[in-house]
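Per-chain residue numbering starts at 1, and chain names A, B, C, D, E and F are given in the order in which the chains are listed.
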């Protein structure tokens, strides 16, 4: 099983646990977290890029990996990805570099699949 | 002088002071901070939205106001703005609400100009 | 009009604007933000203290003021308040001190009303 | 050795190192960090919940695990735990979800012990 | 009364209130917060610079102003100040720029006194 | 291969990928991130300590490890290190403790090499 598959599988199992054990407010939050990325006046692609950059400046590797996968599904090009990540880098500073490195590494791996 | 004009004027005066007193690295950083929002594979409009959402989740009112002004100049619609802000709200949580309120208030004022 | 009344009035006006201009996801988020503090297995009082300490460590003055008001309404004593704030101070560090000072100042003012 | 035992053992070893190598101020800080959770006007249970929610919004997995263990010792129920976590989720936003997932997963494991 | 005097006076009044109303843990924390900046293996000057840069990357204007005043008292030169601030800028990113601007503005004012 | 060698090797590989795939702005940022730590009015040693404390309060383990290595190369003593870390601890609060523990552990390991 690849790293990406492991990531998805563990996340799925824990999401099910949250849906099973969590209260109504958690479930509503999880629904909202899906809804805001749905196609609207802004495209899914642009919304995923917004989620990605927000995740980078907040230094959340799991969130970054999730949005990288979604960005790839929405057809983000390498050049677009690097431009989005460079905005996150400049806004968030050198403290984001370890997460930027991981992001660039994972993005390269995804292109090989 | 309107609030927006005051904000721009004070920022300008202090920016000049940074350019005058600051070292080379600060100046290079300020240049980089301009370059990453220039038109490329992603449009200026989409880059400003990235900057806006990153600023919202990092709770920086001055940065939000700057990107709101730029978003307006780039023709972001009300619906697009609300979608972008709602992503920031969900990513960053209720702690962003005071900044979201200010952003919605300022956006409404800008439409009246 | 007291500072507290001004704070409440401006917040109310901007909240109305968010409800008027905001999208469905924002409204749902605002509803969730009310629901999680409602009485349940934990009392309203204990939930407000949770909201207060979370706001202190995230350094959000407006959120702190809101929860201070709610804590007072729920009958939090001075001693309980100082214990909650001291947890926030130790968790969040000296960077929370300006917000702690404001909180202690506002809490004292509320007792005088 | 279970994951929980490993976590406790490594923490213990490094705490001893801090006590051995650290300066007086570090030791005083560690003492303070114990004192603020002692029983007072607020119960130990409510103080641990405050520490837990502060740790969740600041996205510190080790701190969350520590407070989850203490909450269990203080008799926090599943329903109380989910209500506390849902406040942290709404205050801190989707960026806390990876930490919330871990917390719900670890809480479930603790119940099995 | 100058802005600096006002800042010092309000801080003093609220500090007294914290000392009066606060609990033992808060007082101990405030003591610790003084002790860590005292002369030791590192000089007061270098410790104040550490406090300044930490305050800049955590975006706390009050803390920055406090450490700017102390840095001036400890004889930090303009060049040293700009080098320290530029490290904070690069570590913390463009989100620190509004705080950097304020810092550079206040530092210039202090030189005029 | 030691942990430190592994850390350096992975970082090097990903840095090369960023240099290869990243855009001009990323490369300029990486250059700036080197320049601000170069010897100037402040010594390399004092600049590395500034980077270390900033990394501690922002809770970035990779950044901490990098600056610990550099501090050792610049001849920082144990006492100086503990004083710098204790400032980070007091500024950033108990949420930095897991990172402080790691730092103290890694610093001790480096002395054994």
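Keep in mind that, in the parts below, contacts are C-beta pairs under 8 Å (C-beta built on N, C-alpha and C of every residue); 3 or more make two chains touch, one makes a residue touch a chain.
Note that the coordinates shown come from a computational prediction; the quantities given were computed from them, not determined experimentally.
Participant: If every chain is reduced to the average of its C-alpha atoms, which one ends up farthest from subunit D?
Facilitator: Result for max centroid distance from subunit D is chain B.
Participant: Subunit D and subunit B are one sequence twice: same or different residues at the contact, by the over-half rule?
Facilitator: same
Participant: For subunit C versus subunit F, what separation do you get between their C-alpha means, in angstrom?
Facilitator: That gives a centre separation of 36 Å.
Participant: Once you find the CA centre of subunit A and the CA centre of subunit D, what distance in Å lies between them?
Facilitator: 26
Participant: How many angstrom lie between the centres of subunit C and subunit D, each centre taken as the mean Cα position?
Facilitator: 22
Participant: For subunit A, what residues touch not just one other chain but two or more?
Facilitator: 25, 29, 32-33, 36, 54-55, 57-58, 63, 79, 83, 86, 89-92, 94-95
Participant: Chain touch graph shape: choose line, ring, star, complete or other and state it.
Facilitator: The chain contacts form a complete graph, every chain touching every other.
Participant: Using the touch definition from the top, list the residues of subunit D that touch subunit B in their complex.
Facilitator: Spelled out, the residues of subunit D in touch with subunit B are 57, 89-96.
Participant: Considering the complex alone, what residue numbers of subunit D touch subunit A?
Facilitator: 59, 78-79, 82-83, 85-86, 89-90, 94-95, 97-98, 100-102, 104-105, 107-108
Participant: Using the touch definition up top, name the residues of subunit F that touch subunit E in the complex.
Facilitator: Against subunit E, subunit F makes touches at 29, 32-33, 36-37, 40-42, 46-47, 49-51, 53-55, 57-58, 63, 77, 79-80, 83-84, 86-88, 90-92.
Participant: Considering only the defined contacts, which subunit A positions touch subunit C in the complex?
Facilitator: The touching residues are 24-25, 28-29, 32, 35-36.
Participant: Residue numbers of subunit E touching subunit C in their complex, please.
Facilitator: Where subunit E meets subunit C, its residues are 11, 14-15, 17-18, 21-23, 25-26, 29-30, 33, 54-55, 58, 60, 62-63.
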